[in-house]
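Two complexes come next, and they have one chain in common, chain A, joined by chain B in the first and chain C in the second.
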Partner chain A sequence: MTTQALAQVLASGLLMGLIYALIAVGLSLIFGLMDVVNFAHGEFLMIAMYATFGLVLATQLDPVVLMPLVAALLFALGGASYLGVVRFAMRAKANQGMVQIFATFGLAILLQGVAQYLFTPDYRNVQNTWLGGRTLEVGGVFLPWPQIFGAVVSLAAFGGLHLLMSRTDFGRALEATREDQGAVALVGIDRNRVFALGWGLGAALVGLAGAVLAVFYYIHPQVGASFALIAYVTVALGGFGSVAGALVAGVIVGLVEAFTAVILPPALKSVGVYALYLAVVFVRPQGLFGRL
Partner chain B sequence: MIRRRDLLVGGAGALALAGAGLRPARAADEVVVGVLYAMSGASAQVGVDARHAIETALDIVNADHALDLPLAKGTGLPGLGGAKIRLVFADHQADPQKGRAEAERLITQDKVAALVGCYQSAVSNTVSATAERYGVPFVCADSSSPSLHRRNLKFFFRPAAHDEMFSAAMFDFLDAQRAKGQTIGSVALFFEDTIYGVDSANVQRKLAGERGYKVVADIKYKTNSPSLTAEVQQLKTANADVLLPTSYTTDAILLTKTMAELGYKPKSMLAQAAGFAEKVTYDTVGDKLQGLISRGSFSLDLAAKRPSVGAVNALYKARAARDLNDNSSRQFMALLVLADAVNRAGSTDGQKIRAALSATDIPGAQTIMPWKRVAFGPDGQNTEADPVLLQWVGDKFVTVFPDSAAVAPALWPMKA
Partner chain C sequence: MTSTTLPAPAAVPATASAARAFAAKRRRTLLVGLVVFAGMAALPYLVRDVYLQNVLILTVMYAALSQSWNILGGYCGQISLGHALYFGLGAYFTSVLFVTYGVVPWGGMLAGGLASAGVALLLGWPCFRLAGHYFSIATIVIAEIGLLLVHNWDFVGGAMGIQWPFNPDSWWTLQFARDKVPYFHFALGLFVAVWFVTYLIEDSRWGYWWRAVKDDAQAAESLGVEVFRSKMAAAAVSAFFTAIGGGFYAAYVSYIDPESVMSFRFSLLFALPAVLGGIGTLWGALVGAAILIPLTEISRSYLGGTGSGLDLILYGLLVMLVALARPEGVLSLFKRTRTARNQEAAP
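Here is the complex of A and B:
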């Protein structure tokens, strides 16, 4: 394998990894906040992609410009999912974990069905964007602009999230609620409000990822499934609830996937990712950055 | 006191009675045919289109149409006293196990006389095995894996060509290009990891060896992958004279986009249809596929040689809001071939329909395909289903091979 080919694999893996991290961080955030795994996470991504597609058609603006709007829409969807579904699932007296899993799973199937009904199972594609189809070539290594942009958005989102969590009252309220749900009520923090905002924030982050993906990926009611699986292993590898873990694990998953496809037949490329995860489970079952 | 349990039991009983009353009479006034496609999931669009194609065929059989196609004139099946065909659709979600379960349900509960399906070869595999066990004929419309008709099944019939015939046509075409002075030394195989891709690649690998083409890349990839970057990188490094992709729609779109992103322009592409036969692929990335050649069973420009093509396409388009393609044309023909056999059998009995299917002899002119005729060998394969090669030029497919069907010479190499 030539140095150039090696550099290409490294660069491609890194760019995809940062996008995987952006897809996964919302999932990790919600889990960290309230110990709920959102099985509709992939469907949030799918809705974000359709939202981008629809807004581009309606406004004729570029997805880059529409990104904040998509994030805002997803913020609303996330908050509504909490208030409309998860809040009730959390009231279960027994098997609360199971009820939550199946409630979000049901939400996933519902969203897929609604998307197929409304948008038909045809494949969609956002055409004529500023970034679409453009590629940066550096010494024979090809870096597609949509992925570079996605990686930058991902890093910016992680930076913004870090500031939000550490510098704002809302961030401190999130952190406090995640430490002790009961105690925060005593100091006047509305638990439901914090959870709804947390879900909104998690969904808004996957909304950014959806807007990025819509530029270079096909859009389909089932598109979330292939990314959701990667998001789950990213969150598990990085440590449930850890924002920094999601970033590091996303990059690791991207790189391991890219290099596995070089070493093993590409059909087995996800094997490397799961083998690595299993190896991490032996040493650190809580994930790389997970708390005990 | 009325307990909840009593209400439930009583309610169920009442529902069952109502159900019995509502169930249509199953006399000889109708023939029930089960149709299995993925109506949800990543391949749902193929299923939705298949439904429109098969319902178009149903309309041609059940209603009166002035077309030179089997059973077009007059209504229903004259061999069964004018009985009409009724379709029952089932969703197999591209899952072989769901296909098996749905086939069993159609046979045992809906009492279907025959089955039609299933697009994904892996699903046709399990469905045809189930049909065989119950002695119900299965007409395989559009699955092209060659292993399907080599399992000694008595109730399996495939009017369309399989991938060996398609791949042979592809290599015949390459040989013809060589004879014209083109330099074609190497090929790259790029195929998805289910029975469709694997069988296709096995045939292509063998043909390449026999005919002296060097296989410089042999890449099996995971279907519906989130990224194909590493795979395309390998294709780019190999830079074969001809890239031979075997992909469903999702992967066909992603492959094309990724090739463009990595600055890989294949010298030529010769595709095993499926995703590369779907118009949506060209709607999304058609500009990058100019000059791609796909094997096919159908092309709209066949209208010059098959007079029914235009009229059938108009009927289909009224339902599906799109033109017939490689897949929907075969789905359409499958029901016509089955209806023709049921009509001659004069019965809904599985054995009798099987015997009639075996004796099928429909001339090519009475189809919408480039086939010479429909006549099944002992293994259930139509041996006279001539494949064609189609080239994507501008915004439509042009038949370029074989010479007997070609409307224009092939542009070689491709100019994407």
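Here is the complex of A and C:
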């Protein structure tokens, strides 16, 4: 492999990895907050992509401009999912783990149905965007602008999340609730409110990822499923609940996928990622940065 | 504390009568089983409509598959969401052996079942180090790897899949083009076999171990339960029967491709009936399948053909309701009244 080809694979893997990290971080955040795995996470991403598509059609504005609006919509979807579904799943007295799995799975299927009902099962894409189809050439390495933009958004989102968690009252309430759910009630924090806002925040983050992906990826009702598995793998690899772990693991996943695609047929590019994930959790069940 | 001061003779008849009552209850369960299965065997003669017969066959097949899942997920508490792997192994073993090598499906199912049990042991060795969600996600990922590999493996047909040749009706090759009734009886036979194995396990050492592992693995370990071996045994039995179900499905539909036997939705479909009916119970999977499968099949044929997504919306709502409305399963509706009755009867 020439140096140039190597640099190309590294750069593509890094950019995609940062986008994977942005997809996964919301999942990790919610798990860290309340020990719930959201099996509708991929469908949140899919809804964000369709929201971008729909808003672009309706307003004729560019996805870059619409991104905050998509994030806000997803914030509402996340909060509503907690208040309407997950809150009840957490009340189950028997088989709680299973109830959470199937309640969020049901939500995932429901969201797929809603997307198919509103937009048909056809493949869609957002056309005539500012970034779509443009590439940046640096010393013979070609970088697509949508991915560069996505990587920048991802880094900005991780920076913003870090500030939010460490500098604001909401962030501190979030951190306190994940430390001890029972004790926070004693100091006057409404646990349900924190959980709902946490779900909103997690969904808003995947909303940003959806707005980014909509520029360069096909949109269809099942699109979430393929990204969801990558997101679970990323979160498990980094350690459930660890925000920094999601960032590092996302980049690792992006790089491994890019290199696997060079060695194996492209259809098997995920196999490298899955194999790496299994190898890590078999040796270190809590993931790279997780606590057991 | 007080038990040591109790006179010993008084305790002995109490245990003996409890054991007798327990044995009587076991016999009753078996008798109920025989009556239910005899009734079910007559069903396809009462329902002559081919479409409804198809729904019946799928219902009993999913009941058998869900009961197989139940052995690991319900009794031993290990929530696998990757059983599509074993289903696919069974389907592919049976199809490849029959179509390429001319081995009758019975042999293929047995080979697929044994191979799946072996794979389950091989995968269980690392996977059972993981607990809770970590375990469930690992099972999803492993099944997905299997799907990707089969998809890219030309020897087993790759993405094209395997078409079974047309054969005259025969129990030997499990091909019945004219009449679906034999398929129903095969599926019922499989369910009865899994049910009976579960019945035997319930009162065996393994059964008690598995339930102890499910309730609290650490506490069980400290009481001398071999947790790891329990999980391995449950996984092997569960995978064996799931693969036989996969072989049956291949024979029934006569055409398989990777997505039609190994996709994630199958893993979900094996778990749901048991969850709906009541996990870790003898009858939960059948009750759950009898509610879930006809509902989804009928809503799919009425709403799904249009591609409007309404069938998915309905199915999603149903799954959510199943999980939220009755976490202990439908069967617990009856069980609760019986417990209440016993409590009233007790002094």
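Just so we're on the same page, the second predicted complex is superposed on the first by the 291 of 292 C-alpha atoms of A that agree within 3 Å, B and C clash if a C-alpha of one lies under 4 Å from a C-alpha of the other, contacts with A are read in each partner's own complex, and residues count from 1 in each chain.
Convention: a residue touches a chain if its C-beta (ideal position, glycine included) is under 8 Å from a C-beta of that chain, and two chains touch if they have at least 3 such contacts.
Keep in mind the model is a prediction, meaning the values are calculated, not measured.
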item: Room on chain A for both chain B and chain C (clash or fit); value: clash
item: Contacts of A:116 with chain B and chain C, given as first, second, both or neither; value: both
item: Partner chain in contact with A:135 - chain B first, chain C second, else both or neither; value: first
item: Partner chain(s) touched by A:265 [first = chain B, second = chain C, both, neither]; value: both
item: First, second, both or neither for A:285, with chain B first and chain C second; value: second
item: Which superposed partner A:101 touches (first chain B, second chain C, both, neither); value: second
item: Chain B versus chain C as contact partner of A:217, first or second or both or neither; value: first
item: First, second, both or neither for A:257, with chain B first and chain C second; value: first
item: Location of chain C clashes with chain B - one stretch out of 20-28, 128-136 or 254-262; value: 254-262
item: Chain A positions touched by chain B in one structure and by chain C in the second; value: 112-113, 116, 120-121, 221, 225, 265, 267-268, 270
item: Partner chain A, residues of chain C touching it in the complex; value: 79, 81, 126-127, 129-134, 136-138, 140-142, 144-145, 148-149, 151-152, 264, 268, 271-272, 275, 279, 307-324, 327-328
item: Residues of chain A defined as touching chain B within the complex; value: 2, 5, 8-9, 12-13, 16, 112-113, 116, 120-125, 127, 133, 135, 137, 142, 144, 146-147, 216-218, 220-222, 225-227, 230, 257-259, 261-262, 265-270
item: Chain B residues touching chain A - in the complex, by the definition given at the top; value: 40-42, 44-45, 47-48, 193, 219-222, 224-227, 229-231, 233-234, 237, 249-250, 253-254, 257, 260-263, 280-281, 283-285
item: Chain A to chain C touching residues, read off their complex; value: 31, 37, 85, 88-89, 92-99, 101-103, 105-117, 120-121, 221, 225, 229, 232-233, 236, 240, 265, 267-268, 270-271, 274-275, 277-278, 281-282, 285
